[in-house]
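What follows is a set of notes on a single structure, which appears directly below.
Letters A, B and C mark the chains as written, and numbering starts fresh at 1 in each.
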Amino acid sequence: MDVFLTLVIGGIGDGALYFLIAAGLTLIFGLLQVINFAHGGLYLWGAYMATFLYAVTHQFWLALIVGAGAGAVLGIAMERGLLGRLYHHGTNQILITMGVMLILSEFVKVPFGVNGLNAPTPSFLSHSWLVGHVVLVEYQWFTIVVGAMVYLVLHWLLRRTRLGMVIRAGVENAGLVEACGIPIRNVFTVVFALGAALAGFAGALAGPYFGSVTPGMGLDMQLTAFIIVVIGGMGSVQGALVGSLLVGVVTSFMSFYFPSLSVLVTVLVMAVVLLVRPQGLFGEARAAA
Amino acid sequence: MNRNIVRYAAAVLLLAVGLLLPTITGGGGTTTLLEQVFTFGAFAMSYDLLLGFTGIISFGHAMFFGTGAYIMGICLVRGNASTLSFVCGAMLAVVVSVMLSLVVAFLSLRMKDTYFAMITLAVGQTFYVLAGSRALQPWTNANDGITVFVPDWLNSDYAIYCLCFLFCVAVAFLLFQFVKSPVGVILKGIRDNESRMVALGHSVFRYKTAAFVISGIVATLAGALFVIAEMFVSTQVFDVSTSINVLLMTIIGGTGTLFGGLLGAAVILIAQSEFSTLAGTYPMFNDYMILFGVLYVLVVLFLPRGILGTILQERGRRRWTTRFLNSNR
Amino acid sequence: MKHVLELDGVHANIGQFQILQGVSFRVPEHQVTVLMGRNGAGKTTTLRTIMGYVRPRAGHIRMNGAAIGDLSTHQIARRGIAYLPEENHVFHRLTVAENLQMADRRARDGHHPERVERMMDLFGDLRRAWCRPAGSLSGGQKQMLAMASALISEQPVLLIDEPSKGLSPGYVHRLVEILQGLKGSRTVLLVEQNVWLAGQVADTFVMLDDGRTVLSGNMQELLQREDWQQQFLGVHATRGER
């Protein structure tokens, strides 16, 4: 039972982190119809910038903000500089974003080296408690709370604000939004920046969560996020949440009981979902066709 | 008639030059580089069948290349480098690649092309992790990789070179026939206007699957040759960078030109080896992957046809392609 | 008389296909102009070109004297044009209320400005469906919602593409009343196949055929000229080569 609880909490913690990446990915896809193959690169740079800044200033909150900011800045540069001219050209979009991923993952090695950096947890978040036989790690709970808050804020943004209404309208029919006098291209940029900021923010959180940052963490996280959005359904924030928790918890159990199979299992879950419901758990059939 | 004679003479000459090339350039490092160019050239041509002729992007093509390399490596090690183990390795590689490509195609090709790119990336990375995992260590030697010995008749630089060269020529010839065939024409139709091909009643999924299977078989065999040429295989063959490299070779050479893959392989591999040499004196050249990344983005943006594609276009596309791609049906 | 919209030799392509090959007409202020022509003549494409979805390859489009051919769609909309497309004219996943908010740039969340009230008075059905997603409305109700969306922003110019499609006779009469009510205050460019309806509301007509303007003039004249109707609307005639 204690093992069970520990594994569930660990899985939810991982899932909270995954959610931040997957949510950005799925938001961007929903509106722009672009899968951002550089999303892991934004996460990576968020992680490195935050870790570096924390090492220098010991300002945890500032580091989080800078991580998100790094993601947003890179995201805006990407959307304005590269993607803007490639809408309606799906193949080249995929190729370009992957190229950016390559550059981002390689470039991080230049200033920071190939071996990664230590990412200490700030002292005010590094407690842990023993309840029964279950270890409660403060930073894990912090991550879970942050993930939940981000979900609620996103929900509020999409359902309760005018911007959210415009985004939902644009997901469905971008042309009609323009006819309402709204510059949809700016909305694209805002959404891309938002998704990118979430990725950078997740990177900033992930440093202390895993204890270190490495050049390979971006691609690893991106792959997990891809599997999650395929499972949850591309374009759906709910789907990203459920997929993240599912993958988080399943991986957590598998790596405890069958460590050698844990890689396979997420891919297997994805395969099963694709067979039973190709558009994903919360996806709409339209997106898959 | 006359033209046919010229064509055969050219082919024989090409073969002769190819087979004699190592004696001209001198052996050692150059021969190894040429072996790599031909194996990766075949790999890149198989990739072009997907990207250039069917219009779908795979970020996990290394899963075939690596599977071929590992199967051949393991067979040779278990079979004490006998000729039989070599043959078994090649056959097993083909069988496994067909099964693998069918499974991946069934999962991902029914949906949008973005799914295919994402899923191949994820599945490819799973192979990378599996090859390095402890569980498979008895077979794969985990992260240490396998050192391979080859059958006696292959135990010289020149023999391996000839094998790689002939393999590449055979692949080029067969793929060329394939893209000219009616199926190849339909594939190009899918690339250019998928919905029209659906409207014409073609099962797009089936044709894409066929392209993927064939491409997978070639990539797997290229991987099998690669392990023979290198006499060593490690998880690197499954790395995403291997998939990206072959993609880069294809687009630099020219997507949809088939032979561009070989050209691209030559460009990239020679550049890589030059950079590694330079890095000895100037450490900054260790970061040449960034350059490749930038090059890659620039090519997609500004030279979307790649080298060969641009040349063909310059030479007056119509005249050239009619002779080049549609001749001698 | 002042002309709000002027098209002059407009050519436009969709992909490689040449769709418009010389469209020229003028839309007088505060009148209803009807754009007619058989299926595939290029009426919808003309409206989409005015709205900037399709870039004109040649020719000029002017609004109140200023060229708008190079502007993007949202800029054109902000110049004061409301556009009601032929298809996909409502946001299916947004509620009726949200659809109206989207259309009314000056509306704010939460409260119902009096303009919304006026729309509710015009289209009583919508009031009951206020909180439902527009996708759950019937075809005719969607058409009503789209019409309300086009009207609510009180833009001076309206481009309306076949609003009578799929409406029952009762609603068609309502539509006629609404359109007649717009005369004198708004400028309307209407695409309409129904000659009777067009006759009820339009002052002038423009006839398109095969991507070109072939006729234009007084609506009453068109009503009297059965031969024009035959020739260009092809109600009975399917004379091959046209």
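Note that in this section a contact is a pair of C-beta atoms (placed from the backbone, for glycine too) under 8 Å apart; a residue touches a chain by one contact, two chains touch by 3 or more.
Quick caveat: nothing in here was measured; it's all calculated off a predicted structure.
Asks: Of the chains shown, whose Cα mean is nearest the mean of all protein Cα atoms?
Replies: Chain nearest the overall C-alpha centroid, as shown: A.
Asks: State the pair with the higher C-beta contact count; candidates are A-C and A-B.
Replies: A-B
Asks: Please tell me the distance, in whole Å, between the geometric centres of chain B and chain C computed from their C-alpha atoms.
Replies: Between these chains, centre-to-centre, one finds 55 Å.
Asks: Distance from the CA centroid of chain A to that of chain C, rounded to the nearest Å?
Replies: Those two chain centres are 43 Å apart.
Asks: Distance-wise, how many Å sit between the C-alpha centres of chain A and chain B, to the nearest whole number?
Replies: Roughly 33 Å separates the two chain centres.
Asks: Touching chain C in the complex: which residues of chain A?
Replies: Its residues touching chain C are 160-162, 165-166, 168-169, 171-173, 175-185.
Asks: Of all residues in chain C, which touch chain A in the complex?
Replies: Going through chain C, the ones touching chain A are 51, 53, 72-75, 77-78, 82-83, 85, 88-89, 91-94, 98, 101-103, 105, 108-109, 153.
Asks: If we count contacts the way the header does, which residues on chain B are in touch with chain A in the complex?
Replies: The contact residues of chain B facing chain A are 51, 55, 57, 59, 107-108, 110-115, 117-119, 121-123, 125-126, 129-130, 133-135, 240, 244, 247, 251, 287, 289-290, 292-294, 296-297, 300-301, 304.
Asks: Tell me, which parts of chain A touch chain B in their complex?
Replies: For this pair, the touching residues of chain A are 29, 35, 37, 82, 90-92, 94-96, 98-100, 102-103, 106-107, 109-110, 219-220, 223, 226-227, 230, 234, 260-261, 263-264, 267, 270-271, 274-275, 278-279, 287-289.
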